[in-house]
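Please go over the structures that come below.
One chain, subunit A, appears in both complexes that follow, with subunit B as partner in the first and subunit C in the second.
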Partner chain A sequence: MSEPNVLIERISRSQRTALIIGIVGIAATFAGLAVNKTQFTYSWFYGSLFWAGLSAGALGLYLLNNVVGGKWGAIIRRFLEASAKVLPYTFIPLAIAFFLPGAMHTLFPWVRPEFLKDPAVAHKIAYLNPQGFTIRFIIYLLFWTFLGYRLSSRTDIQDKTKDHAEGVAIQVRMRQFSAPMLLLFVLTSTFAFFDWVMSLEPTWYSTIYGAMYLIGQVLAMLALSIILLVRYSDQSPFKETINMPVTHDLGNLMLAFTMVWAYLSFSQFLITWAGNLPEEIQWYQRRFTHGWGYVAWTVSVFHFCVPFFILLHRFVKRNPKLLATLCVYMFLMRFLDVFWLSQPPLRPELSVSWMDLTALAGIGGIWFFLFFQQLKTRPLLPLNDARLIAMRHEHHHA
Partner chain B sequence: MNDNAPRTGLYGLMAEFTTPEQLLDAANKTYAAGYRQMDAYSPMPVEGLADAIGFRKHYVSQAVLAAGLTGCVGGFSLLYWIAKIAYAHNVAGRPFNSWPAFIPITFECTVLLSALMAVFGMFAMNGLPQPYHPVFNVPEFARATKDRFFLCVEAADPLFDKERTREFLSTLTAYEVADVEN
Partner chain C sequence: MKTEEVVRPIPPDIDPGPDHVLGPGHDIATVTDRISGVIYQPLAKTPKPWFFAFAAAFALLQLLLIAAAWLFYKGVGVWGIVIPIAWGFAIVNFVWWIGIGHAGTLISAILLLLKQDWRTSINRFSEAMTLFAVACAGMFPILHLGRPWLAYWLLPYPNSMWLWPQPRSPLLWDVFAVSTYATVSLLFWLTGLVPDFATMRDTSKHQWQRVLFGMLSLGWRGSAKHWSRYQMAYLILAGLSTPLVVSVHTVVSFDFAISILPGWHTTIFPPYFVAGAIYSGFAMVITLAIPTRKWFHMEGLITMRHLEAAAKVMLGTGLIVAYGYAMEAFISWYSGNPYESFMYWNRMTGPYWWSYVMLISCNIAIPQLLWIRKVRLNLTALFIISIIVNVGMWLERFVIVITSLHRDFLPSSWGMYYPTIWDWATFIGTIGLFTTLMWLFVRFVPMLAMFEVREDLHHMQHTGAYEVKPLPAHGD
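This part shows the complex of A and B:
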């Protein structure tokens, strides 16, 4: 059993690099706080939103796999669990973004008195107020923490059991637990993204928004899982378990989530475009003018059209290195999409600050540090998962 | 081949296996021995079996892509022609070429033609439906839909020799090797 140590060593090295990037990035961003507080708030908000959303995406994907099953979920389960267990920590940078003195005022128009006169905002004040926002923030934190830790403690028990039937029974109980929790999770995350991102423009609303945002971050998490899986695939325990069909499945899922993302994004656009109501179209007007239009077209073409046609090819999905390269590209595209979704109301003219990059890298560095820490403490593949045992068996015959 | 002529003689030799692993192993060995004209029959999909018998290239996916692109371009062109050329109506001041509104139909046409091509293209390239096939002349073959796995090496293969092929097949853990009459 000396071989897994190679991987643990590799993860420890990545973790050290991540910690350095994290500390430098966060220190630089806080230095920016002294220079330009408004820009700091915008950038910090962007960075913390991305990484919190990534962890939320992991929780969503994890719950989904528990309900629908599939070998692909068993093989990336530890990545999803590690990411979901980092979720509570991502609330710290989010809390800084929202609750630093004056920050809420900088980000959210609904706390500014002049907006309260707007009838489109006035009747939402029962929901959109600092007290309600804070209470919901705590509810999301507690509920999501409970979900992530509860589910991963079940798989810890599964790891320790000696009895095959008991391992299967735990799987069944996790499915029964996950089905209603998936429903509650999608509802809470819908409200979370309403609160955190959609309410940047309080006159505007879209009921599909939460799902659209969440699916984007599920896609990011799936891409990250594939990257890590391929990176670690030359070492035990992945080496003797991974086979071609499962990487092909993951490639197909990438295609599916890319299409769901495009479907939800376009649905929102089409309905808004067809309705053509002044308070609805301003969301798109803001995102198609003053330079933001370039970002919009870049996202449409390079976040959907290009990966869609690439992922149609079987040989891409059957070539792990190629698939992982595409996933790196998709992950970068997610940075751009979240930027386009969250920033135009804050900066009407397209601009990128160095603080955007340091906040994204800094918070991301700490995110990866915690993520690798979670990953290291447990076996990298669940030990008594019936699906993985079957896969290992197939591997021997192949 | 003249389809009206009575079919006579040997169609091939069929080896029967009890597990999918045996079938896969046998298919690999038969292919390695140089046989190309063969087919495998199994009650359920066996991963890697198509590759093992040398069935690597098929054109269904290309045909589906072509049909999908045709549906995409056709659907969009149809709506463009209707909305801009044939029945140009001003709808709430929007441009005639209101492309966002065309996308759902374009998408549906893409899916429709792709799906039709996937089903009928598959049938056409499979040679299905096939009312008569010699393998059914082997009584044991009825179990191919239940619990047995078959590999048939066809007489049309240049390497085929009744005695030597039979000898070869019997080295492959086959449960039984049967003649398949035309």
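This part shows the complex of A and C:
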């Protein structure tokens, strides 16, 4: 078993690069704190929101696969696990974004006294207040940490077992555990995104928001998983396991999530636009004027139309290199979407600061450093997953 | 194939439990015999419960005819609709029936693309359900028009009056969504039936049946070319149907959400309507499959595997619906909009509080029993829960339509809705139409896809998942 070491070596190299990018990025962003504290808060918030959301998406996708099954989940499972285990760490940059002195005041209008004159904001102070926000922040942290560690400890047991039947039994127990947990996860993440992003505009509300935001994060995690899978596919243990049908399945899944993302986003848009009520349409007005309209059109065309038509083609899904390239592109699109969702209320005029880029890269670098660390600690494919054993069998026959 | 086993005793109708899609003792010939035997049996030999069920359904169908005749004669005033509740039962029933149809499309199209083993066999049955449910649904907007003979005005056609439907209205989108849905569902169902009609043509003992099935099978010869074309056509139809599962009920949800009425105008409506549609559809599949498989001894073909999977889908979609309710309730408070919060408070505590309480019990509370495997595997419990969900999903549309309308923005325009006997007669009458068509279908058309079950059997034999064992001599 010398080949896996090639991969571990490669991961270690990536990890070192990630660490350097992380340290440089974070140092640069903190240097920005001295220059412009407001801009620092906006940018830091954007960067930490993206990477925390990515880890939350991994947890959601992981729970979903445990419930509904499917071979695709088995081969990207370690990526999802590693990402979910980084989730608790992403609360550190988030905490800096929210709890740095004055930061909450900069980000959230509902802590500013002048906004409390608006009866619609004053009304929801029972929910939107710094104490409640903090308590919920801790609840999300504890619950999601529990989920990530509990699930990966199950697969550790599965890795160590010698008995095939025991491996299957663990899989069944994970399904039983994941079904109710998926429900609680969707609820907690909905409220987390209400707290962290929707409440940036405290007079605005949308019932679909939680689902829409979460699906975007799941899409990002799926794209990242496909990128890593294809990158590592020339080495053991992926080389012996993955086959054409499973990359095709992942491509189809990419198409499905792109469509669901567009469906939820467009539903919100059409209903809000048709209703044209002042308290609702403000959200789109902010995002379609002062330069933000360019971002809006870019997101709708390049985050949905283009990948949709590309992913309809079979040959793209059957060519791992092409599929991975598309996923890189989708991942970049996710940066833009999260920017468009979270930044317009903070900066009415479209602007991009160098701190946006350093914060995104810096927190991302540390995120990847921790992610690769998690990835290295265990076999890159679960050892006793019945689905993988069946796939290896198919591979031999093909 | 072993030719000496052509004549085999009728396989026993044993349910193999939740792990298998096919009961023991079957081979390719017995699958065909079991399914086509329902159609070939003399009418008098039809199981008695079928006659009772058909008689009841047919009687209710007469009620529909009477109610519709009276409505056409007197006008929509015979219903309980008033201003501000102009939509009443007609739209409640329309949405309910359209929703029920969705399970058939989901099973046939999406589960085909997802390669789910439990899809085969119940797909034909649920597709028929889709067709009949859409037929019931389609009637209601037309009955509600008041001048049903002018229903064609809904279509944009060139006319001397220069009269065009409003293209910005979701009601017009609905016309297209529902008619497309009906067309594609019919094509999907008929295409799937062609190879089975050919089997019927080739195995029938009566000349008139051979002629009839011969015409229906469109010259099917079962050549490799036919099969290859068939597979391609079926996949294309599945691909076309897949977006329909989502789009049809999305457009139905727009009928409400595009307005600015509190209780209707909310962004979660599209996904939550789609989930609710699938929820009610699977409930109806279970409600109909349990008696049908008993009457016609199909326990070996519609097994607990099918029913348990359907129960799980029901649980999952039910939870999505619950998420929708939770979001509506939370946001109605969070919005700080007095109309929104009044609407939800009024739903829970106003004059129609009972419908909200029943809705939550039927749609959210009771179906949680399905978490328990024992309940999912208990036919009686499953049957009762499926009926409760059907009732709950009807109540959901009642709550949405009636409670949102009955409190207008101005208290001077408040009102109450009391359904009349004709509202009930029309609604119950469509249940009669639906069940009449369904019972005729299970008796006179191959209710399960014979060739697909045979194909599955063949595959399972090759992978060792199913073993054809010779049965013990009959009558032991």
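Here, the second predicted complex is superposed on the first by the 398 of 398 C-alpha atoms of A that agree within 3 Å, B and C clash if a C-alpha of one lies under 4 Å from a C-alpha of the other, contacts with A are read in each partner's own complex, and residues count from 1 in each chain.
To be clear about the criterion, a residue touches a chain if its C-beta (ideal position, glycine included) is under 8 Å from a C-beta of that chain, and two chains touch if they have at least 3 such contacts.
Every value quoted in this text rests on a predicted model; they were computed, and no experiment measured them.
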item: Partner chain(s) touched by A:Lys117 [first = subunit B, second = subunit C, both, neither]; value: neither
item: Greater subunit A contact set [subunit C / subunit B]; value: C
item: First, second, both or neither for A:Lys321, with subunit B first and subunit C second; value: neither
item: Touching partner for A:Leu270 - first (subunit B), second (subunit C), both, neither; value: both
item: Touching partner for A:Lys162 - first (subunit B), second (subunit C), both, neither; value: neither
item: Which of subunit B and subunit C A:Leu312 touches, first, second, both or neither; value: first
item: Touching partner for A:Leu187 - first (subunit B), second (subunit C), both, neither; value: second
item: Interface residues of subunit A shared between complexes with subunit B and subunit C; value: 270, 274, 276
item: Contacting residues of subunit C [partner subunit A, same complex]; value: 246, 250, 254, 257-260, 265-271, 319, 323-324, 326-328, 331, 333-337, 371
item: Subunit A - residues contacting subunit C, complex; value: 119-124, 127, 179-180, 183, 186-187, 190, 194, 203, 205-211, 263-264, 267-268, 270-272, 274-277, 279
item: Residue ranges of subunit B in contact with subunit A within the complex; value: 21, 47-48, 61, 65, 92, 94, 100-101, 103-104
item: Parts of subunit A lying in touch with subunit B, wherever the complex brings them together; value: 245, 266, 269-270, 273-274, 276, 312, 314, 394, 397-398
